[in-house]
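My questions all concern the structure below.
Chain IDs A, B, C and D follow the sequence of writing; residue 1 opens each chain.
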Amino acid sequence: MNPENWLLLRRVVRFGDTDAAGVMHFHQLFRWCHESWEESLEHYGLTTAEIFPGNRNSEATPEVALPIVHCQADFRSPIQNGDALVVELRPESLNPNSFQVHFEFRCGDHIAAHALIRHLAINAQTRHRCALPEGIDRWLEASGVGKIGSI
Amino acid sequence: MNPENWLLLRRVVRFGDTDAAGVMHFHQLFRWCHESWEESLEHYGLTTAEIFPGNRNSEATPEVALPIVHCQADFRSPIQNGDALVVELRPESLNPNSFQVHFEFRCGDHIAAHALIRHLAINAQTRHRCALPEGIDRWLEASGVGKIGSI
Amino acid sequence: MNPENWLLLRRVVRFGDTDAAGVMHFHQLFRWCHESWEESLEHYGLTTAEIFPGNRNSEATPEVALPIVHCQADFRSPIQNGDALVVELRPESLNPNSFQVHFEFRCGDHIAAHALIRHLAINAQTRHRCALPEGIDRWLEASGVGKIGSI
Amino acid sequence: MNPENWLLLRRVVRFGDTDAAGVMHFHQLFRWCHESWEESLEHYGLTTAEIFPGNRNSEATPEVALPIVHCQADFRSPIQNGDALVVELRPESLNPNSFQVHFEFRCGDHIAAHALIRHLAINAQTRHRCALPEGIDRWLEASGVGKIGSI
(Lines give C-alpha, C1' and ligand atoms only; values in the text may rest on other atoms or scores of the structure.)
Protein backbone atom coordinates (compact mmCIF):
# COMPACT_ATOMS: atom_id res chain seq x y z
CA MET A 1 0.00 0.00 0.00
CA ASN A 2 1.28 3.46 -0.89
CA PRO A 3 1.99 5.47 2.25
CA GLU A 4 0.98 8.58 0.36
CA ASN A 5 -2.55 7.31 0.71
CA TRP A 6 -2.60 8.01 4.40
CA LEU A 7 0.22 10.47 5.03
CA LEU A 8 -0.16 12.93 2.17
CA LEU A 9 -3.50 14.70 2.18
CA ARG A 10 -5.02 17.71 0.50
CA ARG A 11 -7.06 20.63 1.76
CA VAL A 12 -8.51 23.73 0.11
CA VAL A 13 -8.66 26.85 2.29
CA ARG A 14 -12.24 28.06 2.64
CA PHE A 15 -13.64 31.56 3.06
CA GLY A 16 -14.71 30.97 6.67
CA ASP A 17 -11.09 30.11 7.53
CA THR A 18 -10.00 33.71 6.85
CA ASP A 19 -10.20 36.85 8.98
CA ALA A 20 -10.44 40.56 8.19
CA ALA A 21 -6.68 40.69 7.53
CA GLY A 22 -7.53 38.66 4.40
CA VAL A 23 -5.56 35.54 5.37
CA MET A 24 -6.18 32.29 7.26
CA HIS A 25 -6.97 32.96 10.93
CA PHE A 26 -4.16 31.25 12.81
CA HIS A 27 -5.96 28.69 14.96
CA GLN A 28 -7.77 27.11 12.01
CA LEU A 29 -4.45 25.37 11.29
CA PHE A 30 -4.92 23.17 14.36
CA ARG A 31 -8.40 22.20 13.22
CA TRP A 32 -6.92 21.17 9.86
CA CYS A 33 -4.22 19.15 11.66
CA HIS A 34 -6.71 17.17 13.72
CA GLU A 35 -9.00 16.60 10.75
CA SER A 36 -6.03 15.46 8.65
CA TRP A 37 -5.00 13.06 11.39
CA GLU A 38 -8.51 11.58 11.49
CA GLU A 39 -8.49 11.30 7.71
CA SER A 40 -5.10 9.60 7.82
CA LEU A 41 -6.32 6.99 10.31
CA GLU A 42 -9.35 6.30 8.10
CA HIS A 43 -7.31 6.01 4.92
CA TYR A 44 -4.97 3.63 6.69
CA GLY A 45 -7.92 1.42 7.57
CA LEU A 46 -8.88 2.24 11.15
CA THR A 47 -12.47 3.08 12.02
CA THR A 48 -13.16 6.27 13.93
CA ALA A 49 -15.15 4.17 16.42
CA GLU A 50 -11.93 2.41 17.49
CA ILE A 51 -10.26 5.67 18.44
CA PHE A 52 -12.84 8.38 19.19
CA PRO A 53 -15.89 8.51 21.44
CA GLY A 54 -19.26 9.57 20.03
CA ASN A 55 -19.56 7.23 17.08
CA ARG A 56 -22.68 5.77 15.58
CA ASN A 57 -21.48 2.19 15.46
CA SER A 58 -20.06 1.86 18.94
CA GLU A 59 -22.20 1.50 22.01
CA ALA A 60 -19.18 1.85 24.25
CA THR A 61 -16.67 4.65 24.39
CA PRO A 62 -13.14 3.43 23.56
CA GLU A 63 -11.24 2.39 26.72
CA VAL A 64 -8.29 4.55 25.83
CA ALA A 65 -8.52 8.32 25.38
CA LEU A 66 -5.80 10.26 23.54
CA PRO A 67 -5.85 13.79 24.93
CA ILE A 68 -3.52 16.37 23.40
CA VAL A 69 -0.88 17.48 25.91
CA HIS A 70 1.10 19.81 23.69
CA CYS A 71 0.79 21.49 20.32
CA GLN A 72 2.68 24.14 18.44
CA ALA A 73 2.78 25.80 15.05
CA ASP A 74 5.09 27.96 12.98
CA PHE A 75 3.58 30.11 10.27
CA ARG A 76 6.00 30.76 7.43
CA SER A 77 3.93 32.51 4.76
CA PRO A 78 0.35 33.77 4.49
CA ILE A 79 -2.31 31.17 3.71
CA GLN A 80 -5.18 32.55 1.65
CA ASN A 81 -8.69 31.69 0.60
CA GLY A 82 -8.74 29.13 -2.19
CA ASP A 83 -5.18 27.92 -1.59
CA ALA A 84 -4.85 24.21 -2.38
CA LEU A 85 -2.60 22.91 0.38
CA VAL A 86 -0.73 19.63 0.58
CA VAL A 87 -0.58 18.31 4.14
CA GLU A 88 2.17 15.83 4.93
CA LEU A 89 1.96 13.93 8.21
CA ARG A 90 5.05 12.51 9.94
CA PRO A 91 3.94 10.44 12.94
CA GLU A 92 6.52 9.76 15.63
CA SER A 93 6.32 7.27 18.47
CA LEU A 94 7.70 8.78 21.70
CA ASN A 95 7.23 6.01 24.29
CA PRO A 96 4.67 3.28 25.00
CA ASN A 97 2.15 5.91 26.19
CA SER A 98 2.71 8.77 23.85
CA PHE A 99 3.20 9.85 20.23
CA GLN A 100 3.30 13.03 18.22
CA VAL A 101 2.50 13.99 14.66
CA HIS A 102 4.33 16.61 12.58
CA PHE A 103 2.24 18.36 9.95
CA GLU A 104 3.83 20.23 7.07
CA PHE A 105 1.52 22.45 5.00
CA ARG A 106 2.79 23.23 1.53
CA CYS A 107 1.30 25.68 -0.94
CA GLY A 108 2.81 25.28 -4.39
CA ASP A 109 6.56 24.98 -3.92
CA HIS A 110 6.91 26.63 -0.52
CA ILE A 111 6.20 25.58 3.04
CA ALA A 112 3.32 27.63 4.42
CA ALA A 113 3.26 26.26 7.97
CA HIS A 114 4.49 23.51 10.22
CA ALA A 115 2.66 22.12 13.24
CA LEU A 116 3.14 19.47 15.89
CA ILE A 117 0.55 17.72 18.07
CA ARG A 118 1.49 15.41 20.96
CA HIS A 119 -0.97 12.89 22.40
CA LEU A 120 -0.90 10.90 25.63
CA ALA A 121 -2.78 7.62 26.04
CA ILE A 122 -4.87 7.43 29.21
CA ASN A 123 -7.51 5.06 30.46
CA ALA A 124 -10.78 6.91 29.80
CA GLN A 125 -12.17 5.90 33.22
CA THR A 126 -9.21 6.18 35.59
CA ARG A 127 -7.37 8.82 33.54
CA HIS A 128 -4.07 7.02 34.29
CA ARG A 129 -1.45 6.59 31.57
CA CYS A 130 -1.77 3.40 29.60
CA ALA A 131 -0.53 1.74 26.42
CA LEU A 132 -1.48 3.24 23.08
CA PRO A 133 -4.44 1.60 21.32
CA GLU A 134 -3.33 -1.27 19.11
CA GLY A 135 -4.61 0.48 15.96
CA ILE A 136 -2.54 3.59 16.66
CA ASP A 137 0.54 1.37 17.20
CA ARG A 138 -0.01 -0.24 13.79
CA TRP A 139 -0.51 3.15 12.12
CA LEU A 140 2.68 4.50 13.74
CA GLU A 141 4.66 1.46 12.65
CA ALA A 142 3.30 1.48 9.11
CA SER A 143 4.12 5.18 8.80
CA GLY A 144 7.75 4.42 9.63
CA VAL A 145 7.85 1.53 7.17
CA GLY A 146 6.36 3.78 4.56
CA LYS A 147 9.12 6.29 5.06
CA ILE A 148 11.81 3.62 4.79
CA GLY A 149 10.13 2.24 1.72
CA SER A 150 10.13 5.63 0.06
CA ILE A 151 13.89 6.16 0.38
CA MET B 1 -34.48 40.41 40.60
CA ASN B 2 -34.03 42.50 37.49
CA PRO B 3 -34.77 40.43 34.36
CA GLU B 4 -32.14 42.43 32.54
CA ASN B 5 -29.63 40.42 34.52
CA TRP B 6 -30.39 37.31 32.60
CA LEU B 7 -32.07 38.43 29.37
CA LEU B 8 -29.96 41.40 28.30
CA LEU B 9 -26.34 40.48 27.68
CA ARG B 10 -23.36 42.08 26.02
CA ARG B 11 -20.79 40.80 23.55
CA VAL B 12 -17.84 42.40 21.80
CA VAL B 13 -17.11 41.14 18.27
CA ARG B 14 -13.59 39.69 18.10
CA PHE B 15 -11.12 39.56 15.22
CA GLY B 16 -11.44 35.79 14.77
CA ASP B 17 -15.19 36.25 14.19
CA THR B 18 -14.53 38.12 10.93
CA ASP B 19 -13.73 36.86 7.44
CA ALA B 20 -11.84 38.32 4.49
CA ALA B 21 -14.88 40.43 3.54
CA GLY B 22 -14.05 42.41 6.70
CA VAL B 23 -17.27 41.61 8.57
CA MET B 24 -18.55 38.93 10.98
CA HIS B 25 -18.61 35.50 9.30
CA PHE B 26 -22.30 34.56 9.36
CA HIS B 27 -22.34 31.33 11.38
CA GLN B 28 -20.55 32.89 14.35
CA LEU B 29 -23.91 34.44 15.21
CA PHE B 30 -25.25 31.02 16.19
CA ARG B 31 -22.27 30.43 18.47
CA TRP B 32 -23.01 33.76 20.14
CA CYS B 33 -26.67 32.78 20.53
CA HIS B 34 -25.88 29.51 22.28
CA GLU B 35 -23.25 31.12 24.50
CA SER B 36 -25.69 33.90 25.41
CA TRP B 37 -28.30 31.30 26.28
CA GLU B 38 -25.85 29.49 28.57
CA GLU B 39 -24.89 32.80 30.16
CA SER B 40 -28.56 33.65 30.67
CA LEU B 41 -29.24 30.36 32.45
CA GLU B 42 -26.22 30.96 34.71
CA HIS B 43 -27.20 34.54 35.51
CA TYR B 44 -30.70 33.33 36.34
CA GLY B 45 -29.23 30.87 38.81
CA LEU B 46 -29.11 27.49 37.10
CA THR B 47 -25.88 25.51 37.08
CA THR B 48 -24.58 24.28 33.75
CA ALA B 49 -24.37 20.80 35.31
CA GLU B 50 -28.19 20.69 35.57
CA ILE B 51 -28.64 21.27 31.86
CA PHE B 52 -25.52 20.21 29.92
CA PRO B 53 -23.45 17.03 29.87
CA GLY B 54 -19.69 17.19 30.37
CA ASN B 55 -19.49 19.18 33.59
CA ARG B 56 -16.91 18.94 36.31
CA ASN B 57 -19.33 18.71 39.21
CA SER B 58 -21.71 16.10 37.88
CA GLU B 59 -20.88 12.44 37.70
CA ALA B 60 -24.01 11.69 35.74
CA THR B 61 -25.15 13.21 32.47
CA PRO B 62 -28.48 15.06 32.85
CA GLU B 63 -31.44 12.77 32.11
CA VAL B 64 -32.92 15.22 29.65
CA ALA B 65 -31.10 16.38 26.53
CA LEU B 66 -32.20 19.54 24.69
CA PRO B 67 -31.16 19.09 21.05
CA ILE B 68 -31.74 21.96 18.66
CA VAL B 69 -34.32 21.02 16.03
CA HIS B 70 -34.50 24.32 14.16
CA CYS B 71 -32.62 27.57 13.96
CA GLN B 72 -32.67 30.60 11.73
CA ALA B 73 -31.14 34.04 11.44
CA ASP B 74 -31.73 37.29 9.59
CA PHE B 75 -28.79 39.58 9.07
CA ARG B 76 -29.83 43.23 8.83
CA SER B 77 -26.58 45.19 8.79
CA PRO B 78 -22.89 44.32 8.77
CA ILE B 79 -21.37 43.36 12.12
CA GLN B 80 -17.72 44.39 12.44
CA ASN B 81 -14.70 43.74 14.57
CA GLY B 82 -14.86 45.60 17.87
CA ASP B 83 -18.61 46.21 17.72
CA ALA B 84 -20.13 46.18 21.21
CA LEU B 85 -23.40 44.32 20.74
CA VAL B 86 -26.37 44.13 23.06
CA VAL B 87 -28.04 40.71 22.93
CA GLU B 88 -31.65 40.52 24.08
CA LEU B 89 -33.16 37.08 24.66
CA ARG B 90 -36.89 36.45 24.44
CA PRO B 91 -37.61 32.85 25.53
CA GLU B 92 -40.90 31.33 24.44
CA SER B 93 -42.53 28.14 25.69
CA LEU B 94 -44.06 26.15 22.81
CA ASN B 95 -45.45 23.04 24.50
CA PRO B 96 -44.47 20.77 27.41
CA ASN B 97 -41.60 19.31 25.35
CA SER B 98 -40.30 22.27 23.48
CA PHE B 99 -39.28 25.93 23.67
CA GLN B 100 -37.54 28.49 21.52
CA VAL B 101 -35.44 31.58 22.17
CA HIS B 102 -35.42 34.75 20.05
CA PHE B 103 -32.15 36.66 20.03
CA GLU B 104 -31.97 40.28 18.94
CA PHE B 105 -28.50 41.72 18.36
CA ARG B 106 -28.31 45.49 18.54
CA CYS B 107 -25.34 47.65 17.65
CA GLY B 108 -25.81 51.23 18.79
CA ASP B 109 -29.35 52.23 17.81
CA HIS B 110 -29.98 49.72 15.04
CA ILE B 111 -30.79 46.01 14.92
CA ALA B 112 -27.86 44.13 13.43
CA ALA B 113 -29.37 40.63 13.40
CA HIS B 114 -32.17 38.48 14.69
CA ALA B 115 -31.97 34.76 15.39
CA LEU B 116 -34.19 31.99 16.66
CA ILE B 117 -33.24 28.62 18.18
CA ARG B 118 -35.79 25.89 18.93
CA HIS B 119 -35.04 23.06 21.38
CA LEU B 120 -36.82 19.76 21.97
CA ALA B 121 -36.59 17.89 25.29
CA ILE B 122 -35.74 14.20 24.93
CA ASN B 123 -34.71 11.50 27.35
CA ALA B 124 -30.95 11.23 26.87
CA GLN B 125 -31.11 7.41 26.96
CA THR B 126 -34.25 6.52 25.01
CA ARG B 127 -34.24 9.67 22.86
CA HIS B 128 -38.04 9.91 23.25
CA ARG B 129 -39.73 13.26 23.85
CA CYS B 130 -40.14 14.16 27.50
CA ALA B 131 -40.97 17.10 29.75
CA LEU B 132 -38.59 20.06 29.88
CA PRO B 133 -36.14 20.07 32.80
CA GLU B 134 -37.61 21.81 35.83
CA GLY B 135 -34.91 24.51 35.76
CA ILE B 136 -35.70 25.41 32.15
CA ASP B 137 -39.40 25.65 33.05
CA ARG B 138 -38.58 28.10 35.83
CA TRP B 139 -36.34 30.16 33.57
CA LEU B 140 -39.06 30.29 30.90
CA GLU B 141 -41.67 31.35 33.42
CA ALA B 142 -39.45 33.96 35.05
CA SER B 143 -38.63 35.41 31.63
CA GLY B 144 -42.34 35.93 30.97
CA VAL B 145 -42.86 37.53 34.36
CA GLY B 146 -39.91 39.77 33.69
CA LYS B 147 -41.49 40.99 30.48
CA ILE B 148 -44.80 41.72 32.20
CA GLY B 149 -42.98 43.47 34.98
CA SER B 150 -41.14 45.71 32.57
CA ILE B 151 -44.28 47.06 30.88
CA MET C 1 -20.93 17.51 -17.71
CA ASN C 2 -22.54 15.57 -14.89
CA PRO C 3 -24.32 17.91 -12.48
CA GLU C 4 -23.44 15.51 -9.70
CA ASN C 5 -19.94 16.83 -10.03
CA TRP C 6 -20.88 20.14 -8.56
CA LEU C 7 -24.17 19.60 -6.74
CA LEU C 8 -23.60 16.34 -4.91
CA LEU C 9 -20.72 16.48 -2.46
CA ARG C 10 -19.42 14.39 0.38
CA ARG C 11 -18.28 15.22 3.89
CA VAL C 12 -17.08 13.13 6.81
CA VAL C 13 -18.01 14.42 10.28
CA ARG C 14 -14.86 15.09 12.33
CA PHE C 15 -14.25 14.86 16.06
CA GLY C 16 -13.94 18.62 16.51
CA ASP C 17 -17.45 19.01 15.04
CA THR C 18 -18.98 17.24 18.06
CA ASP C 19 -19.83 18.51 21.55
CA ALA C 20 -20.09 16.85 24.96
CA ALA C 21 -23.57 15.51 24.08
CA GLY C 22 -21.69 13.20 21.69
CA VAL C 23 -23.22 14.58 18.49
CA MET C 24 -22.47 17.33 15.93
CA HIS C 25 -22.66 20.77 17.53
CA PHE C 26 -25.48 22.48 15.66
CA HIS C 27 -23.80 25.52 14.10
CA GLN C 28 -21.10 23.44 12.38
CA LEU C 29 -23.80 22.60 9.82
CA PHE C 30 -23.66 26.17 8.50
CA ARG C 31 -19.90 25.96 8.12
CA TRP C 32 -20.38 22.77 6.10
CA CYS C 33 -22.99 24.49 3.94
CA HIS C 34 -20.73 27.40 3.05
CA GLU C 35 -17.76 25.12 2.41
CA SER C 36 -19.91 22.89 0.20
CA TRP C 37 -21.09 25.93 -1.73
CA GLU C 38 -17.48 27.03 -2.32
CA GLU C 39 -16.59 23.49 -3.38
CA SER C 40 -19.56 23.42 -5.76
CA LEU C 41 -18.49 26.67 -7.44
CA GLU C 42 -14.96 25.29 -7.86
CA HIS C 43 -16.13 21.97 -9.27
CA TYR C 44 -18.36 23.85 -11.70
CA GLY C 45 -15.34 25.79 -12.91
CA LEU C 46 -15.38 29.16 -11.18
CA THR C 47 -12.30 30.40 -9.37
CA THR C 48 -12.65 31.53 -5.78
CA ALA C 49 -10.93 34.79 -6.79
CA GLU C 50 -13.94 35.68 -8.96
CA ILE C 51 -16.34 35.45 -6.06
CA PHE C 52 -14.54 35.93 -2.74
CA PRO C 53 -12.15 38.58 -1.44
CA GLY C 54 -8.81 37.56 0.06
CA ASN C 55 -7.40 35.40 -2.74
CA ARG C 56 -3.82 34.93 -3.72
CA ASN C 57 -4.32 35.51 -7.43
CA SER C 58 -6.41 38.65 -7.33
CA GLU C 59 -5.02 42.04 -6.57
CA ALA C 60 -8.45 43.56 -6.42
CA THR C 61 -11.38 42.52 -4.30
CA PRO C 62 -14.38 41.41 -6.43
CA GLU C 63 -16.70 44.32 -7.18
CA VAL C 64 -19.72 42.41 -6.00
CA ALA C 65 -20.07 41.06 -2.46
CA LEU C 66 -22.60 38.35 -1.64
CA PRO C 67 -23.50 38.75 2.05
CA ILE C 68 -25.85 36.24 3.62
CA VAL C 69 -29.13 37.88 4.60
CA HIS C 70 -30.96 34.81 5.90
CA CYS C 71 -30.20 31.24 6.84
CA GLN C 72 -32.04 28.43 8.55
CA ALA C 73 -31.66 24.76 9.37
CA ASP C 74 -33.79 21.83 10.45
CA PHE C 75 -32.10 19.00 12.29
CA ARG C 76 -33.88 15.69 11.73
CA SER C 77 -31.61 13.08 13.32
CA PRO C 78 -28.36 13.14 15.28
CA ILE C 79 -25.18 13.53 13.23
CA GLN C 80 -22.21 11.73 14.77
CA ASN C 81 -18.45 11.60 14.55
CA GLY C 82 -17.30 9.60 11.52
CA ASP C 83 -20.63 9.83 9.68
CA ALA C 84 -20.09 9.97 5.92
CA LEU C 85 -22.64 12.52 4.76
CA VAL C 86 -23.89 13.21 1.25
CA VAL C 87 -24.62 16.91 0.71
CA GLU C 88 -26.98 17.80 -2.11
CA LEU C 89 -27.19 21.44 -3.17
CA ARG C 90 -30.28 22.89 -4.85
CA PRO C 91 -29.53 26.46 -5.95
CA GLU C 92 -32.50 28.74 -6.61
CA SER C 93 -32.52 32.11 -8.32
CA LEU C 94 -34.84 34.55 -6.52
CA ASN C 95 -34.47 37.79 -8.49
CA PRO C 96 -31.69 39.62 -10.33
CA ASN C 97 -30.02 40.56 -7.01
CA SER C 98 -30.54 37.48 -4.92
CA PHE C 99 -30.39 33.69 -4.80
CA GLN C 100 -30.59 30.95 -2.21
CA VAL C 101 -29.19 27.45 -1.88
CA HIS C 102 -30.93 24.49 -0.24
CA PHE C 103 -28.64 21.93 1.35
CA GLU C 104 -29.84 18.41 2.14
CA PHE C 105 -27.55 16.32 4.35
CA ARG C 106 -28.12 12.57 4.05
CA CYS C 107 -26.56 9.88 6.20
CA GLY C 108 -27.15 6.42 4.75
CA ASP C 109 -30.81 6.27 3.73
CA HIS C 110 -32.20 9.01 5.94
CA ILE C 111 -32.15 12.81 5.85
CA ALA C 112 -30.08 14.11 8.74
CA ALA C 113 -30.59 17.84 8.20
CA HIS C 114 -31.78 20.47 5.78
CA ALA C 115 -30.48 24.00 5.52
CA LEU C 116 -31.06 27.12 3.45
CA ILE C 117 -28.78 30.09 2.85
CA ARG C 118 -29.91 33.27 1.06
CA HIS C 119 -27.43 35.72 -0.48
CA LEU C 120 -27.88 39.28 -1.70
CA ALA C 121 -25.59 40.85 -4.30
CA ILE C 122 -24.27 44.27 -3.33
CA ASN C 123 -21.59 46.55 -4.71
CA ALA C 124 -18.66 46.02 -2.35
CA GLN C 125 -17.93 49.77 -2.24
CA THR C 126 -21.34 51.43 -2.14
CA ARG C 127 -23.12 48.48 -0.49
CA HIS C 128 -26.11 49.06 -2.80
CA ARG C 129 -27.94 46.13 -4.40
CA CYS C 130 -26.60 45.12 -7.77
CA ALA C 131 -26.77 42.30 -10.32
CA LEU C 132 -25.36 38.90 -9.39
CA PRO C 133 -21.84 38.17 -10.65
CA GLU C 134 -21.88 36.61 -14.10
CA GLY C 135 -20.26 33.39 -12.81
CA ILE C 136 -22.96 32.91 -10.19
CA ASP C 137 -25.62 33.41 -12.87
CA ARG C 138 -24.05 30.68 -14.99
CA TRP C 139 -23.77 28.33 -12.01
CA LEU C 140 -27.44 28.95 -11.13
CA GLU C 141 -28.55 28.33 -14.69
CA ALA C 142 -26.44 25.20 -15.12
CA SER C 143 -27.82 23.81 -11.85
CA GLY C 144 -31.33 24.14 -13.22
CA VAL C 145 -30.36 22.46 -16.48
CA GLY C 146 -28.74 19.69 -14.52
CA LYS C 147 -31.96 19.02 -12.67
CA ILE C 148 -34.02 18.88 -15.85
CA GLY C 149 -31.48 16.62 -17.42
CA SER C 150 -31.64 14.18 -14.57
CA ILE C 151 -35.40 13.53 -14.84
CA MET D 1 -4.35 51.95 37.13
CA ASN D 2 -4.49 48.38 38.38
CA PRO D 3 -2.72 46.05 35.93
CA GLU D 4 -5.23 43.39 36.84
CA ASN D 5 -7.68 45.36 34.75
CA TRP D 6 -5.97 44.44 31.58
CA LEU D 7 -3.82 41.40 32.35
CA LEU D 8 -6.13 39.25 34.45
CA LEU D 9 -9.29 38.24 32.63
CA ARG D 10 -12.04 35.74 33.12
CA ARG D 11 -13.73 33.25 30.81
CA VAL D 12 -16.43 30.64 31.29
CA VAL D 13 -16.10 27.49 29.17
CA ARG D 14 -19.16 27.06 26.96
CA PHE D 15 -20.86 23.93 25.66
CA GLY D 16 -19.79 24.50 22.06
CA ASP D 17 -16.15 24.51 23.23
CA THR D 18 -16.37 20.82 24.15
CA ASP D 19 -16.11 17.67 22.04
CA ALA D 20 -17.50 14.15 22.38
CA ALA D 21 -14.75 13.26 24.87
CA GLY D 22 -16.62 15.60 27.23
CA VAL D 23 -13.82 18.17 27.60
CA MET D 24 -12.66 21.36 25.84
CA HIS D 25 -11.59 20.66 22.26
CA PHE D 26 -7.93 21.62 22.21
CA HIS D 27 -7.77 24.35 19.58
CA GLN D 28 -10.44 26.47 21.28
CA LEU D 29 -7.69 27.50 23.70
CA PHE D 30 -6.03 29.54 20.97
CA ARG D 31 -9.30 31.31 20.21
CA TRP D 32 -9.57 32.19 23.89
CA CYS D 33 -5.97 33.48 23.88
CA HIS D 34 -6.57 35.82 20.96
CA GLU D 35 -9.87 37.05 22.36
CA SER D 36 -8.23 37.65 25.75
CA TRP D 37 -5.46 39.60 24.07
CA GLU D 38 -8.01 41.80 22.27
CA GLU D 39 -9.88 42.28 25.55
CA SER D 40 -6.62 43.22 27.28
CA LEU D 41 -5.81 45.86 24.69
CA GLU D 42 -9.30 47.34 25.07
CA HIS D 43 -9.19 47.36 28.85
CA TYR D 44 -5.81 49.07 28.68
CA GLY D 45 -7.35 51.79 26.52
CA LEU D 46 -6.48 51.00 22.92
CA THR D 47 -9.21 50.90 20.30
CA THR D 48 -9.48 47.82 18.12
CA ALA D 49 -9.41 50.14 15.08
CA GLU D 50 -5.82 51.10 15.92
CA ILE D 51 -4.63 47.52 15.78
CA PHE D 52 -6.98 45.38 13.67
CA PRO D 53 -8.40 45.77 10.16
CA GLY D 54 -12.14 45.52 9.57
CA ASN D 55 -13.40 48.06 12.09
CA ARG D 56 -16.44 50.25 11.86
CA ASN D 57 -14.72 53.48 12.79
CA SER D 58 -11.69 53.29 10.55
CA GLU D 59 -11.82 53.89 6.85
CA ALA D 60 -8.25 52.80 6.45
CA THR D 61 -6.68 49.52 7.46
CA PRO D 62 -3.89 50.00 10.05
CA GLU D 63 -0.49 50.40 8.38
CA VAL D 64 1.05 47.72 10.53
CA ALA D 65 -0.19 44.12 10.58
CA LEU D 66 0.72 41.77 13.43
CA PRO D 67 0.62 38.25 12.01
CA ILE D 68 1.24 35.34 14.36
CA VAL D 69 4.47 33.56 13.48
CA HIS D 70 4.49 30.97 16.28
CA CYS D 71 2.15 29.62 18.88
CA GLN D 72 2.17 26.74 21.31
CA ALA D 73 0.15 25.31 24.17
CA ASP D 74 0.56 22.83 27.00
CA PHE D 75 -2.55 21.21 28.39
CA ARG D 76 -2.14 20.25 32.03
CA SER D 77 -5.59 19.13 33.16
CA PRO D 78 -8.97 18.67 31.49
CA ILE D 79 -11.02 21.84 30.95
CA GLN D 80 -14.76 21.23 31.17
CA ASN D 81 -18.03 22.88 30.29
CA GLY D 82 -18.97 25.56 32.83
CA ASP D 83 -15.44 25.95 34.21
CA ALA D 84 -14.79 29.54 35.27
CA LEU D 85 -11.22 30.15 34.15
CA VAL D 86 -8.87 32.92 35.13
CA VAL D 87 -6.62 33.97 32.24
CA GLU D 88 -3.39 35.76 33.12
CA LEU D 89 -1.48 37.45 30.31
CA ARG D 90 2.26 38.08 30.52
CA PRO D 91 3.34 40.17 27.50
CA GLU D 92 7.01 40.10 26.57
CA SER D 93 8.84 42.40 24.17
CA LEU D 94 11.32 40.45 22.03
CA ASN D 95 12.82 43.08 19.73
CA PRO D 96 11.63 46.25 17.97
CA ASN D 97 9.62 44.16 15.48
CA SER D 98 8.26 41.38 17.63
CA PHE D 99 6.60 40.46 20.91
CA GLN D 100 4.96 37.45 22.49
CA VAL D 101 2.26 36.90 25.07
CA HIS D 102 2.16 34.08 27.62
CA PHE D 103 -1.31 32.98 28.69
CA GLU D 104 -1.87 30.99 31.87
CA PHE D 105 -5.32 29.46 32.31
CA ARG D 106 -6.21 28.62 35.91
CA CYS D 107 -9.24 26.70 37.11
CA GLY D 108 -9.67 26.96 40.86
CA ASP D 109 -6.24 26.40 42.40
CA HIS D 110 -4.57 24.52 39.57
CA ILE D 111 -3.10 25.50 36.21
CA ALA D 112 -5.23 24.05 33.43
CA ALA D 113 -3.16 25.17 30.44
CA HIS D 114 -0.40 27.46 29.31
CA ALA D 115 -0.08 29.02 25.88
CA LEU D 116 2.25 31.34 24.02
CA ILE D 117 1.59 33.47 20.93
CA ARG D 118 4.33 35.35 19.08
CA HIS D 119 3.58 38.25 16.72
CA LEU D 120 5.71 39.97 14.13
CA ALA D 121 5.07 43.56 12.99
CA ILE D 122 4.99 43.99 9.22
CA ASN D 123 3.94 46.80 6.93
CA ALA D 124 0.50 45.73 5.71
CA GLN D 125 1.30 46.78 2.13
CA THR D 126 4.92 45.73 1.60
CA ARG D 127 4.83 42.89 4.15
CA HIS D 128 8.32 43.88 5.31
CA ARG D 129 9.23 43.91 9.00
CA CYS D 130 8.63 47.22 10.72
CA ALA D 131 8.39 48.78 14.18
CA LEU D 132 5.56 47.72 16.48
CA PRO D 133 2.56 50.06 16.56
CA GLU D 134 2.96 52.75 19.19
CA GLY D 135 -0.10 51.51 21.11
CA ILE D 136 1.32 48.00 21.40
CA ASP D 137 4.62 49.47 22.66
CA ARG D 138 2.76 51.34 25.38
CA TRP D 139 0.76 48.25 26.34
CA LEU D 140 3.96 46.17 26.52
CA GLU D 141 5.71 48.75 28.65
CA ALA D 142 2.75 49.26 30.98
CA SER D 143 2.48 45.49 31.44
CA GLY D 144 6.08 45.39 32.63
CA VAL D 145 5.51 48.28 35.01
CA GLY D 146 2.46 46.51 36.31
CA LYS D 147 4.52 43.45 37.13
CA ILE D 148 7.18 45.46 38.92
CA GLY D 149 4.50 47.25 40.85
CA SER D 150 2.97 44.02 42.01
CA ILE D 151 6.17 42.61 43.53
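Keep in mind that, in the parts below, contacts are C-beta pairs under 8 Å (C-beta built on N, C-alpha and C of every residue); 3 or more make two chains touch, one makes a residue touch a chain.
Just so you know, these numbers come straight off a predicted model, no measurement behind them.
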| item | value |
| --- | --- |
| Option reproducing the contacts of A-D, where over half of them reappear, out of B-C, A-C or B-D | B-C |
| Interface sides of chain A and chain B: same vs different residues, half threshold | same |
| Label of the chain whose CA centroid is most distant from the centroid of chain C | D |
| Chain B and chain D: spacing of chain centres that average the CA atoms, whole Å | 27 |
| Centroid spacing, where centroids are CA-atom means, of chain C and chain D in whole angstrom | 33 |
| Averaged-CA centre spacing for the pair chain C and chain B, given as whole angstrom | 26 |
| Chain C, residues touching no fewer than two other chains | 15-16, 18-20, 22-23, 27, 31, 34, 52-54, 81 |
| Residues of chain B that touch chain D when the two form their complex | 12, 14-16, 18, 22-23, 31, 34-35, 38-39, 42, 47-49, 52-57, 80-83 |
| Contact footprint of chain D on chain C as seen in their complex | 15-16, 18-20, 22-23, 25, 27, 81 |
| Complex contact set, residues of chain D against chain A | 19-23, 26-27, 30-31, 34, 52-54, 65, 67-75, 78, 127 |
